[in-house]
Each structure stands twice: as structure tokens, then as C-alpha cells.
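In the two complexes that follow, chain A is the common piece, with chain B as its partner first and chain C second.
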Partner chain A sequence: MADEKKIGAYICKGCGIGDRVDTAQMVQIATRDAKAHVAKEHEFLCNADGIKMIQDDIDNEGVNHVAICACSRRAKVEAFNFDNVAISRGNIREGVIWVRPDTDEAKETTQEMADDYVRMAVNEVKFMERPQGSEEAVYNKTLLVVGGGVSGMTAAIEASKTGYPVHLVEKSAVLGGAAARMYKGLPMKAPYDAPADTGVADMIAAIEADNNITVHLNSTLTKTSGAPGRFSADISAESGNTTTENFGAIVQATGYREYDASQLPELGYGKASNVVTQAELDEMALAANGGAIKTKDGKDINSVVFVQCAGQRSDKEGHLNYCSGHCCQTSIKQALYFKEQNPDVDTNIIYSDLRTPGVSGEDFYRAGQKNGVTFTKGDVSQVVQDGDSLSVKFKDVILDEDTAEKADLVVLATGMIPNGGVDIDEVGQDEPGQFTVNVDSILNLDYRQGKDIPQLTKGFNDSHFICFPYETRRTGIYTCGPVRRPMDGAQAIEDAVGATMKALQEIENAGKGRAAHPRSGDLSYPSFRREGCTQCKRCTVECPFGAIDEDEQRFPQFNEARCRRCGTCMGACPVRVISFENYSVDTVGQQLKNVDIPDEFEEKPRILVLACENDAYPALDMGAMNKTEYSAYARVIPVRCLGSVNLIWITDAMNSGYDGVILMGCQKGENYQCHFVKGSEIAHQRMSKVADTLQSLALEPERVETYEIAITDIERAPKLINDMAETIEKIGLSPFKF
Partner chain B sequence: MATDAINYYRNNFLKEVEANVEEGHWVKMCMQCGVCAGSCPLGNAWEHTPQKIFMMIRAGKRDEVLASDAMWMCTSCYNCIARCPRELPITHIMHGLANYAHRLGLAPKNQPTRKFAILFWNNLTKKGRVNELKLGIALYFMNGLVNGIKVAIKAMPLGMSMMKTKRLSPMEILGGHGIKDTSGFHAILKKAREIEDAKMTKFD
Partner chain C sequence: MADIIATNETILVVGGGISGMTAALEAAEFGKQVILVEKTPSVGGRVGKLYKYFPKMCHPTCGMEINQRRLKMNPNLRLLTMTEVSAVEGEEGNYSVTLKTAPRYVNESCTACGACGTAVEAEFDNEHNYNLNKRKGAYLPSAMAHPQRYVLDPAIIGTPDATKAKEACKFGAIDLDMQEQETTLTVGAIIWATGWQPYDAAKIQPYGYDRIQNVITSVEFERMADPHGPTGGKLLRPSDNAEAKNVAFIQCAGSRDRNHLKHCSRICCMASLKQTHYVEDAYGDDGKSTIYYIDIRAIDRIDDFHQKVKANPNVTFTKSKVARIDENKGNGNPILRGVDTEGYNRYDNEHDLVVLAIGMEPSVSDFPMKVVVNENGYIEQAESNGGIFAAGCSTDALDVNRAVQSATASALRAVQVVNRVAGSEG
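The block that comes next holds the complex of A and B.
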């Protein structure tokens, strides 16, 4: 079937399309201009009769490539879903009739728009193949969990409960992580009014009783290679034994370490013996085990001062400039340790902003207040030994005065630092075939791009806080718990469940050769023409997900299961040898080349819009639903990610006589919205160099613009098109028209 | 830093307020958001806003709190109660604090609201009924003889009109009307005071 392409073009007259444009003419264009083998119009293409018409052609006429010219590719996806054929969509509804006024003057240009979208759809599908799925697909149900703290144990238990075998690797000699060194945890159940059991003992018992979970204590990962479905990990024990296991996916729950309080001498740490960190106090409480907590020299404690934000939320050198999220509640919890023992112990929490996120939150704060824990809004400047006790010097911010308070014990709320392994921007990867173990690395990946997961900021790994929190930039490896962002135990548990669910999904997807988020279920994957490759390594370097390694001969080695199908490699390739079966330099290039470019005397410019299918294209669609008009000279082509835009498209457009090109991608930078994390950023970098090229062609640089568009920019996106039309009116038509 | 200051922030005064001030147990629940201070129509006229008063209580500033004029300036508009996100009965706490300061003899001596309150209380408790004529005259002369005469002359037309319409009897000056059992009434007040005093916890 695949050896002979037979294209069927189907033009819908529904939703008012038939009233606004001449569909009979479009049918002619599909066959005469675009050379479709079959072209038909239908009153209502997405109804049962219309679908049957297309299915009949597929079954009886041998149509195997279908161009549907109706509504946006984002609409009626379920209806226009035919098995075993390649499908393209011409956007006549949202792309033409809804963005153009229904007037006699506009009729001609609107018709031209519709005709072009028919040409584009037919030519796109002509160069598409139906994705066959990756042959690399491996199904391995085993999950690797790295880290045996609350997050890691939750991940292991949850995966096992779902029926997936788990290997749990823990660096230390015991399970439990930071929570095991706590006397009690934050309350996780209503009424959230008292410190509660951490639940660690129960978790350890559950893991020990579970035959589905294999625990490796005193062990680290010395090498991790492969891809989702076929990860291979060397688990090395302290004793020197190394076992190699295969996994489908990995959950990294390596938690946090405490900020080094010895960097805070002004707060008395290391100088005065009764200045301790929160973690140290919890250890003291654990040792006292319900009895009265005493100072290190065995004295009674009658007053405790908690200093919040010690060495954090500060821009000072060596301090953490973020909030660790749990410390306010942890101080309340620890103050309640004392209040439970003896309500007459004074416990004062000096804070700058009391923040209680998480499940127990505000209820726990109130519980602290009810039990007599006091709260003072202030800035602590110094803690000094004053006779037998300590003096905490601070500025009371409410009363606006410098003052001091005496205390028997001072507790510093120091922050969390993620155990994220090495920063791959600092520590590069070894040359291919020369892998060495990095003791600071957590995963010791043998990926070309580096040994650990890329970090976004402050050592926390790169993921999108709202849209895809558990995804990392390494497909099949999911993070949860404080390695991802600061959080408390209850949040870590919730986080671990989420990440585990994503990992299990990926195990299943990898087994079927399908893509993970955001192109979930996509069966296409990139392939390259080896003969044409110049080994420039741009694809290897630019892939946001580290999917591409190098083989011994220094050719790119695509790990299909690691690929998210953004096409950034395709956009990067200077010799254009990388393509997907259903998305390639040709599928887009042929669309833009087959737009009818009127000669300069007709004074009808053409604007090419390459819009990211994730945000910009939906924004244009939604603008169209609101009937926000834009220039009839624009031709919009959706792209998987702006990162997939190959510069040849810009060159081709300019050479074919387009007057302007607009690229619409997602927001880049630290607060990125790009669904492929780096795609938009890379595209912007590439385009910044286009201006020079244009000037060498004696073209104005304003003819190519790159924008960051949010999905909510439903008025801005059409306006940018109109702005370009105005610019062209000012600077004149392109001289490259034939 | 004086040792006195260091001894502040002990929780003693907070505990004293909790024990002895009406609705005082709410003070510890304040989260220092400042909505009360921003909502108070007389906020600028006070020495301390409710937010500050509550913070001072926690900071152990007993003398400053009890000598503050803040509680006496409250007009009971209830804006703060209506708006407090922690649902503290702020107006009631302020009145409770005023009352407590007065009983301890620490309230500001020349605070006009307090002066009037004393006049009113003495006037009312004498016979069990308010003697409006005497209360009015006492109020005129609250700030001295000359000032009293000036105010009295100014208020004369109003007094004459009230007399004409039988709203004010000049005979009240001779003692005025009262309740039937004055001594029983005084016994009740005495007993009530005893009960209140017994409730008061001693703090040093």
C-alpha cells in the first residue's frame, strides 16, 4: 500500500464554508494544481455520511493519503481519524472564513486564501508517510527508584501496588531519609493540629514485606544508559559488588541536604552550643523520645526562640535566595514538641513572612497559636551567648524597634538544597566510548549531553511547575520530592505518587514505541540520512532531551524512546538530513512553496506564519472563534515546536517571493512556556542570525519577525499578523517575485 | 540593651491578658496582618493600632499597653471585627483592655473618654438612674470652672428648649429620681465587684 501514494482531497461545505468560498473551484485546484487523485466536496464532511464517503474511497479507491480541507486540525480529531492512512488538514474554517469579513470586496482574497490552503494540505500529505512506529520499542515493567526517603519509598510502594516490580537504590545504610531522623512529622490528616507520626516505620515495613520491591542499601548508580523501556543501570554497593539491571523507567527521589549552618556565625551557630538547626533539634527530640528535651549540657529548656529564614530568602553571598517552604511549619511543629511537654516553656518564632503551604498549612499555624506558640515579625541580626543563656538581637518590624530576647535554646530554620547530582552545564560528558564514573553524580548517565538531569535554577531540575511538573528533560526519568522543589513530607508523598504515575505511563508508552508528553501517543520518530550527514553534532547538542548520542564513527545515534518528537534536531540540521515520517523539511517546505504568489503588479503580498502547534496555533484558532480578523495575505503553517523550524524554510520563503515571515513560538527563558523546554529559545537564537542573511540579500530585516506567544494571546497573535501586513505596506513588496 | 528589654518577650503579660482581660484569650490568635489597623476610622488618632497593641502584649510591654490611650479611642464601629480574617473580636478586646487598665489604675489619667466614663458610672450607680442634668453639668465642668461656664452659656438655649418641652427638670439638681431599693442595688454592685476581683489572677 505504501509504495503507491494515492491522494484524496475532501472539501467541506459545512459551517458556512460553502456560502463563503467556491468549493467547486477548490476541488478543481486540488486535482489540477495539487494533483490529488480524487477530490470531492461534501455538505457536512464530519457527519456519518461525509466520513463514510472518505472511508469508501480509502477502502475501494485505494486512497491512502487524505487531505481534509475543513476546520482546524485541532477540531473534529475523533471524526477525521482513519486507520492506516496519512492525513493532513487544510484549515478553511478557522484559518479563512472566520478571520475574513463577509463582504464583496473581501471575497476575492478570501477565495485565494482558501485555494492556497487546499494546495498546502494536498502537498503536505503528498510528502507525508504514515508513522509505522519505532522498531526499538522495548517493554520492561521494572521501575528503578533512586533514593529511599519518603518520596522514594512512596514511589516504590505505589508502583508495586499497581503491579510493577521495583528496585530501590539507597545510598545510606537505612531507608527513611531525612524523615527517619525526625521525632514527628507535620500532620497529614484533619484537624491538622498536632505533630504526627512520620509514617516512615510503616513504609519501611511495607517495603520489607513486599516481594515486588528489591532494596539496594549502601548503593549508588555508577552507570545508567539506554532509553525508556531499555534503561540499564549499574548498581554498585559499597562493598564493591556491582549488579546490572534493566528498567523501563526511573524515578529520581534523591531529596535534599540541609544548608550548612556554619556559614551563619552571626547567628551563633558553631559558637554558642545551644544554637542548633531544625534537623538537629529533631534529632534531640528523637533522642528524648517523648521526654523533656534538654540542652546538650543536660540543662532544662524554659525558652526557645526559632529564627526563620536563617541563611535563606536572602541575596547575601552564600545564602539561599529561595524559600524552602517547610521551615515555618517545621518550627511550629518543634515548638509544639516543647508545649506538649510543658505549656510554660516560652516558644517564640521570629519570622519575616510566615508561610505555611502544603496540606496542614494555615490550620497548623492556628494550632500553634492556640497552644501558646508566639510569633514575632522581625529580623534577627545576631545571636550571642549571654551568661547561661542566649540573647537573640532582632528588629521587631511591627513595633519598629531594635530589641532582644533571652532564650535557653535557639533553633535556626535553615533551608533545603536539592541533591540533584552534577550540573551538566559545568561538568560535561566524556567523549563517546570513554565513560568514567563521577562520584558526585546521582545517575551517572552515559548520555552525550551529561551525567545528570538538566537543572533549571538553584540546583533544582528542569521541569515545568504547572504544566508538566514531573517531566524532566530526560525522557523516562521522573523526579519527585525536594529534589524537584522545596517541600514538606506530605507534599513529597503526593509528588511521588504523581511522578510514579508518569513513570508507569512512560513504561507503557515506551513498550508501544509511542511518545511521552506532550506529543503523547505519537508514533513518528526522527531518522537521518547517514550519507548526507556532516557530523556537525548540532542535533546532538541542541536536542532538549539529550536523546541523541554519537556512535563510534561520530554519527548521531538517535534513541527513539528518549525522543519527544519536537523536531528541534530537524530544525538544527544544516544539511537537512533529519526527518520524521509525517513531519519533515518537505512537508512544511512544500506547503509554503505551493502557495500561489501573485506577481508584484497585483500588489498582493504574502506573509508566511510558522506557528507553534502548542500555543500560537490554538491562540490563532481561538481568535478566529471570536471572529478576530487578520490579513488575507497570511498563510499559517503549524509547526511542532519553533525549534523544528529549519532556516531553509525562511530562505525558501524569501526566494519564492514572500514579503514577510512571522515565527510564533512559546515564551522562553527561566519562566518558559515552551512545551519542549528549549525549542523556542533555540529558535530565537537561530533567528537572531537571520537579519544578517537578509541584509546580504538586500532585504529589510523587518521582514522576518520572531515572537513569543501565549495561548491566551488571542487578540495579540492576529494583531501581529496585521502589523506585519502594515510593515510590508511601508517597506514595499519583496523584490523576489517572479 | 537593658535587662528590662531582655525580659520582654517572656510570655507573662500575654498570659495575664489571657486570664484577666475580657476576650483576652484571642490575642494570641492575631496573625499580624494589619487589616484592623487599616480599617480603623480613627487609626491615625491613636497612639497604637490594635495590631500594635496585640504585638506589644506578646512583647511583654505591660506598662505601655495599659497606659496607652488606644483602647479608649475606640468608637465601637466594629469595622475591625467585621474584617479580621482570624475572626478576633477586636472591639471587645480593646474595651476589655481599657477596663483592665482602669481597674489596675494604670489607664491614662486625663483621657477624656475615660473621664466621661467615670462620671457616667458614678452618676448612674448613685441612684440606679442616670441624672441627666447633673451628668450634663458635671461634663461641662470636667475641664475646669472657666471652661465650664463658657460651655454652659453656649448650651443654654438648648437647655431652655428642653425644659419647655418637659425633657429636662430643673428639680433634678436637688437629688433627682432613683430606683426603689438603692441600698439593695449597691449591695448587688458590691457583690459583683467581689466576684470579679476573685476571678482576677495575680501576676507580678
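The block that comes next holds the complex of A and C.
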């Protein structure tokens, strides 16, 4: 922006602000102390007249930086929306008058709070630039789909239907994945009472007929680099040919592999004849193609026992400690294969919990019952050969007795293991290229932090966000199907449509230089001053999204389209060379430095609160709506993520005479709630080192506290501020007051 | 509402719960024009009334905050609250939709300062808390309400309270002359996301929800656990406000039952497992939970949550469909009668409080458009639905995660329609 910065500060008197604080004084402070070019007060700033007053200044006075000192930044967002200007918000309502009592005694400190928030808002906006958008933005409409099973084929077909070309890469020689090896699938339409066509043949036909979809069979990705809008992938065929293609986004639908049933000798697999897995039975049924299913040695099958949860839902060594979700219904489907052929075949499903959820699941369960499938709640301990047939030993849980049943065929409902590629958290991130785990990478990402998408748990690439299931930690790469979470075919199709939506959306946003979720639409991006960089690599290691690589001279290489704008890199940088146009070390640092620090004789401490804008800040706001009071000595600054908190802010605060600092972030650890995944955790780690800094200043460690705050902590968050005020009362004011 | 601009490249999303919000936001962030209509005064739906999510035990309001911020920031999306769809005509790529907007009696000038709420006197059942407490006749639906704008209960219009509210407002935000408005729009595709409602527990006669005070539903229990709720987060039973330390959870209350809902409502097992944590969080080892169940459906990778609860000595699992609940007239305790099917033992178990893990039924039964609906009342995917796509719990009983997936998928289907329209016209 070549234009000169011209700051307008606007102070609202509405909602009781004018009754509680001296807004004329705040106007003076804005111009005299904070050097705003224009400062005005208004009875009711968010109404049409107030908005017009501001807009007129923008249009006629050249105001291009606006500080609005009224309600919380969460309120009246639509009203205070001006084009082509930078905007900051001073929170006088929820942050001052609603958290302070309306008494004569409190008047002075309430006024001080309000005055400070004016100084803060003006100084924040002074250091903000209006984001211009990334120059790296590239628009490439082509989607890369990895995996040619039901999920991947769905993604390809749906993307093409939306008008986006697709390259579909499949490792094997055919499309169709696991479903192609099945005789039939689960029903996908009411009345959900019989096995149904898998739909695989139709999907393959649709793909083959679609000029918009290029299929690469017998192929894998040997290198993937770039960022949304400009991914480059080496697609290598078994034959040795490699082609390089460019893509806007990627859908990873690499599915699952079968659990190795030979780890279940107690269930007879590999020992007794005619013990098969569900997948093997489906292959047998496919071979029989509607005829009677025979044993491998060609004998009739008159009785079948299905053993549910074989090697699943168990903490035993070598077992899967999760439920694969589809197996109960798959066993019903397979029992119905036999019943459709010959109703006299005995089919018994031995289960611990029958899991047939929703409309389709329960209807299908009833169809099984109606067709004479037996369901036994039991716990199978052993399957052994018993002459020509098998004996299944189990505890009948209902009759509370140990018993056994004979069967010609035993089917083990074994689980699915996701094909998620290399677990990059396992192999460590220190030196790129050194992976010891014996799993092939799927994506072979040429990223500093590793070759594949980080896994969440049990090998699945799930997001761990209940509200945002598609958010991976690699921007522009979305997973779907059983690689993301155990699921059946119908769910995989729905999942693939959703992932395709996110991928195509990211193609559009990357083309415009806009951030992806959760700061969707944000045009800012991190930039760094190369000359100041010491190549310490902290930013490249800490970025929760692996957005930063290293260039040949070992400087950080920001990939803007991979960045989610959380600011963790900015918080990490010890030399403070990383910043965003509208969020930087200065936009926060100048706020805290411009708070008026009374000298020690006034006995008015100052507490700096850096609060996550998504959870802690709203919690404080909602506490304020209930008029929950907190100390008048607190000054709250919202931050994008606690991960963006740079230690310099703490040091600056301490050096300028603050008496305490509170950091409020989201829950970290296994059940993290941080929307930037790692931000809160990283901040907690950084702060654990702040004790040294305090010690070097001869300050008590309890002057800085870091908390995990939930959005529902409407009473706890204000209380923590009051606790700090009490602590300061006990240990005394900071000696660093001037 | 003359300023609403809609064309056959616009997507209409019906329902402002998690599914509708998601579908609307995903489409809008794709760059499409979206109109989101919500029947009640604010968005959030059922999810906005939950205290915590399974399996992370995190707060739905956390994701809601992000979604609301996305709503506030997105210029492609227009939200209309207190609005219902009364008629849909036309075909894929060209629908004519009639909307009815009920009067809020509060206009955009509202700052949510709360003066009107303080001024009025009459109180009404609080829908946000499933009527477990009262709210004023001028109210903000919840602390998280978006739009952050008050609403007047129509029952106070014409009463002195209405005048009091109007006089209290310094900003001219109260307009007592507002009338119902009807608007007709053209849109290209429709996403139907009207969600679910709890099955009417009183219909399950043997459980005595309408007779025994200390028999409540799982959605009501959620409100009790919430610090924003009617008890300020304390688990107090309705009859005497005593602490409910010995809590029974009855699974499949209305679900998997031909007399009620034929389907499995999917979420209830995990919801009860989650709610045992509330009991333990409130009372530690003094808090005891008993889950009466048929099958525990803690499906897929979150089964470990079930395993952990199962290992908790303060939680008992009884495989039984409870036959009947009576009340101990002396202390108000519900007495559960039935047979434990593991070993066939009869029981008469007394608890402080019974929580019915209530089933989900579709919230709309009379659709204003032609769509394929299954026996359970959910909308099926079908070619003949044209450019109308169901999302979330309009399609099936779904948990939040799956509802969001479904909504994201439906957004793509709607985008495909408007892209076709744009292509054929461009």
C-alpha cells in the first residue's frame, strides 16, 4: 500500500458505554496519545448513521485504518464491515463496562480500562496492513485422486460431474478396490432388506466413458510437491514410466487392507480347513456367482458360523482395538447369500454387540432375522477341526454357559487396517528422507515434515474434529473412505463426495490466494525478513500444517497456499522476522506497550491476558454477558491461536512493568481442541521455558500462567484473572515500573 | 425483504443446525450464492443445546463459534431466521420457493444490550433448555445466539410488556408492528437439512416420563450438565432438586422398537456413555451410572471410548430392555423393573434419576416438496428428487461427524446443479 496510513478512531456511546465512561476523554486519548488522525464519538455507532459517519471519513477524509471502540469484535461484525480498510476493535462493552460494577468507587479504574482499550485499538491498527492476497496463488482445476476403490472412483466421478478434470491413480491393475472382490454389497436403498449390487461395474464404466478422467493403473506416486493450486506429482507406472502432472488439490482414498487372520490361530485360521475371513467368503461367493457356495474342496455347506469381532475390539497384542463398523452387517449380508440359495442352511452370527445403526442397519438386521439367520450373543474362544467339520467353542452369554456348535464353514469378521502410508510422527522429523518404518509411503510428499499425512490414531487419517471431519494437517489434501475411519461402502461413497467438495473448494480458494478452514477467506499470509533469519528451523518444525520447507540455502520456504494463518511460525521465531500483514509481533506488541502502566505508588497492577480468539475470548465475552466481573487491572488481547504467542510479548510485558501475564489457549494433548491442532501444545511448551526468563529478571514464576480454557468456561476464565490479581496482591507489584 | 437477490444459480439451504450451516458455508466458501433459512430466531439447532460431544468431550459451542464467524464473514451467504419454506415448485435448476418469515419484533438496530429483557416481566418456557426453566418475553435465545439479536415472544405483543420493551430500547430496535412476511425466490438447488427432534418420551408409556418427575430424557440431561443450562451445570433431579448421584440410562428409548421408531438412532449409546462422565465429573466415586442396553453401538474407531467406560467401576452395564418404571412415592426414586438377560435374573432397581436415551425422529413429516421418503420418515437419495438434496439427520439418524459429512456431500451435489445452470447459460 503506497497510500499514507490515515487512522480513524470511533468511540461508541451506546449500550450504556456513554453512561459509564467519559467518551470525550477517550476521543482525546485517541488523537493525543495514540495519534489517530480522526477521532469521533457517536451515540450509536452500529446504526446506519454511525456507519455512515465512518464511511464518510473513509470516502472523504482518506481514512484507511479504522479503530472501532465499541462492543466485542464478535458482535456487529456485519455492521462494521468496510471495504478496503484495515479494522481493529476495542472492546469497551464486553471487555470493560460489562465486567465492572457501576459504582463510584470503580469509576476511575473502569475509565482507565476504557482508555487503554482505545490506545490498544489505535496502535494495533496502526501496525496493520490490509491483506493484498498471496502472489503465489495458482488456479489449477485438475484434481488428483489417489486410490481406485469405491471412494476414489466416487471422488473422480463427482469431481468430473462438477466440471473439474481428474487424474485417478491406482496401484493395482484394475479399478474397484475391495468392493470389486465382493459378490454383493450392503443395501443402499429402502427397504434395505437384501444384499445389493456393489455398483462397482457401473462406476468403472462411467469412468472409462469420461474423457475428463485420466486413469493411471499399476501406478503409484513417487513424488508429490508444491501446494494447493500448484501440486506437482510424479506418477510412476510399474513399467518404469513416470509422468509428471500438476494439480490443484488431492483426494487420498487409499482404503484399507485386511487384518492378517493368521494372527488368530485360536480361531482356527490357517490350521483348520474351511475357516475363512469375510473377504475370502465374498470371493467364494463371487466365484459361485449366484450358485451354491461350496467349501474349497468342493463340499456342500449346510451350516455356517460367523465369528464377529475376530481380532478386533480387543487390547490383546496383535489385535485391533477398534471396531471396523461394517462387519456386523457384512455377516448378515453373507448369511443371506446362503439363505437366498437354500433357506435350510444354518447360519449363526455370534456377536458381542450387534452393531447395525441407523435406518438401513436396523432394517437389514430385521431382514436377517426374518430370513432365519440366528443371532447369538456369545464370546468365541476357539475354533477347532472336528472330523469333517468344525467346532466353534463359545460362551453363550445369555444362557451363561460354555457351549460349542458344529459348522461346515466358519467366517471370521476380521477388521480393516487403514492404508495411511508412513506414520510421520513415528519416524520423527529431524532429518528429511530417513524413514525406518517398513511401510510404503502413499503420497511421497516432498515436505520438510514427512512423506505422508499425519495420522490421528490407530493409523487413521481422521481429523479429530467432530465439527470438521475433513480437516487434515496437510492443506489441499483430503482423505476419505476407510483410510480416514472404518466404514462400509455406502458411507465411503458419502464420505468421498464430501472430501471432493472440500478439495474442489480448495482449488477455488487457492486460485484466489485465500486461506482454507478455519480462517477461510483470509487473504493474509506469512512473510519473513530473510536478512534477519538465523536458520534455526523452529518455524519449519513447529508449523502444525507442514507448510514451511527449507530452500537450498536452508532458509524457510513458506508455501502460502499450505498455510492456515494460525501464526504458530510467528510465535516460534526467536528473531521475530515472521509476520502477517494484519497480524504481527507489532500488532500485538504495540497494544501491550501502549497500555498505560501506573507507577508503583498508585498500586494499580496491570495484568496482560493473551486469549485464544476462538474459545477463551468468547468465554470471557459470554461471562461478560452474564455480568461476571473481573479485575479492572486486566487488559485482554485476542490472539489467533496461542501458538502464535511470541515470547517477546511476555518479555516486553515484564520489562514494561506488567505485574502478571495470563495465556489462555485451548485443550491440548490427546483430545486436543485447538483448531490449529498443535498451537496450544506448542505454546505450553514454550511457556515452560519462560521461568528462566523470569528468573533472569528476578521475577516470581507465578507472574506468568498458561491455561487451557474451554469456550464454556464462562465463570472459570474471569476467575483465573481474579486469581492472578490476588496473587499479585500477595507477592507484590513488579519492580519494573518506571 | 426486497433486498434478497436469488437466481437459479443460488442454493437454498433449509435448516440452520450443524448440517444446514455446514452445507451453506461449504457452498458459500466454494464461491456460490447461498441463502440459509432457519425456523427459530438463531442458528445452532440441536447441537447448540449439547454440552459436550463424544468421544472428545469437547464443546459443540467451540465449533459453533468458528461456524458463526464463517457466517459473519462470508459475503456469499445470506441468513434468514424465523423463516420457513411453505412451498416449492419447479424443477432442478429452476425452483420457485415461498418463504414465510415470522415477526421478530426486533430489527437490525438491536445491539443485544439486554435492556428490553430487563424491562419485561412475563416469563415463558425456555426452548433452549427444553423448557426446564423460564425465560423472559424479550430474550436472547442463548449466550451464543447468532444473530446476536433479541426477539419478542409473540405472546407479549399487545400486552404492557410489549410497551415496556419498546420504551426500554434506546436504539429504536423494537418494532411492534412487524408482520409475517411472505417472499418468493428463484433458486437452482435446495439442500434440505431440517434435522431431528427427540421422540416424544411420553409415548413410551411403561417408562412413565409423563408421570414420574425423575424420569427425564437424554437431551434434558445435556442441558443440566451445561453451565449455561437451567441448573447452572449441576445434576439435580426435578422432583426435589436433590443431587442425582445414582443415575440409570435406558438405551433404545423409543428406538429399535416397532411400536415407536423402527430404526436405531445411532447416537444414543455413545451419548449415554458420554453422560456417565458427567455423573463422574460431578460426584467422583459417589456418582454411579447404570446403563440398561440391548447392544452397545459404539461404532468404529471410537469403540475405545466404550471400553474405557466399561472399565470404570462406577459404571454398570445391564443387558436388558427395561420393562417398566414405577415411582417410590416415599422418596421420588424411579424403580426399574425387568430381567437381566445375561443369566435371566429379575431386578427391581431403584435410582435417583432415570435418563431415557431418547430416539431421533425427523423433525419434519410434511414436506412442502416432492421427495422420496422412507418408512422411517427420512429422505432417501433418489434421482426423482431432482435438485433437492437432503443433508444430515434429514437423511438418517446420524451423529454430528456423519451429519457434517453428509452436509458437505450435499453441498457438492447442489454445486453441481448450479454449475450446470451456469454452464448452460454461460
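What we mean here is this: the second predicted complex is superposed on the first by the 714 of 738 C-alpha atoms of A that agree within 3 Å, B and C clash if a C-alpha of one lies under 4 Å from a C-alpha of the other, contacts with A are read in each partner's own complex, and residues count from 1 in each chain.
Operating definition for what follows: a contact is a pair of C-beta atoms (placed from the backbone, for glycine too) under 8 Å apart; a residue touches a chain by one contact, two chains touch by 3 or more.
Owing to the predicted nature of the structure, the values given are computational and were not obtained by experimental measurement.
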Combined model on chain A where chain B meets chain C, clash or fit: clash
Which superposed partner A:Gly415 touches (first chain B, second chain C, both, neither): neither
Which of chain B and chain C A:Lys406 touches, first, second, both or neither: first
First, second, both or neither for A:Gly679, with chain B first and chain C second: neither
Between chain B and chain C, more extensive residue contact with chain A: C
Touched partner set for A:Asp346, first chain B, second chain C, both or neither: first
Which superposed partner A:Met501 touches (first chain B, second chain C, both, neither): second
First (chain B), second (chain C), both or neither touched by A:Ile398: both
Touching partner for A:Gln369 - first (chain B), second (chain C), both, neither: first
Location of chain C clashes with chain B - one stretch out of 333-341, 369-377, 387-395 or 405-413: 333-341
Those residues of chain A which chain B touches in one complex and chain C touches in the other: 354, 377, 398
Complex contacts: residues of chain A adjacent to chain B: 303, 346, 348, 354, 365-366, 369-370, 372, 374-377, 386, 391, 393, 396, 398-399, 403-406
For the chain B and chain A complex, residues of the former touching the latter: 1, 5-11, 14, 28-29, 31-32, 51-52, 55-56, 58-59, 86
Chain A residues within the chain C interface of the complex: 14-16, 44, 46-47, 71, 74-79, 158, 161-163, 189-191, 313, 315, 321-325, 351, 353-363, 377, 397-398, 400, 457-458, 460, 462, 464-470, 485-487, 491, 494-495, 497-502, 504-505, 508-509, 517-518, 520-521, 614-615, 618, 622, 625-626, 666-667, 671, 673, 675, 710-712, 714-715
Chain A contact footprint on chain C (complex, rising order): 18, 22, 26, 29-31, 51, 53, 56-67, 69-70, 72-74, 108-109, 111-114, 143-144, 148, 170-171, 226-228, 256, 262-264, 266, 295-304, 307, 319, 341-344, 374-376, 378, 380-381, 396-398, 400-402, 404-406, 408-409, 411-413, 415-416, 419, 423
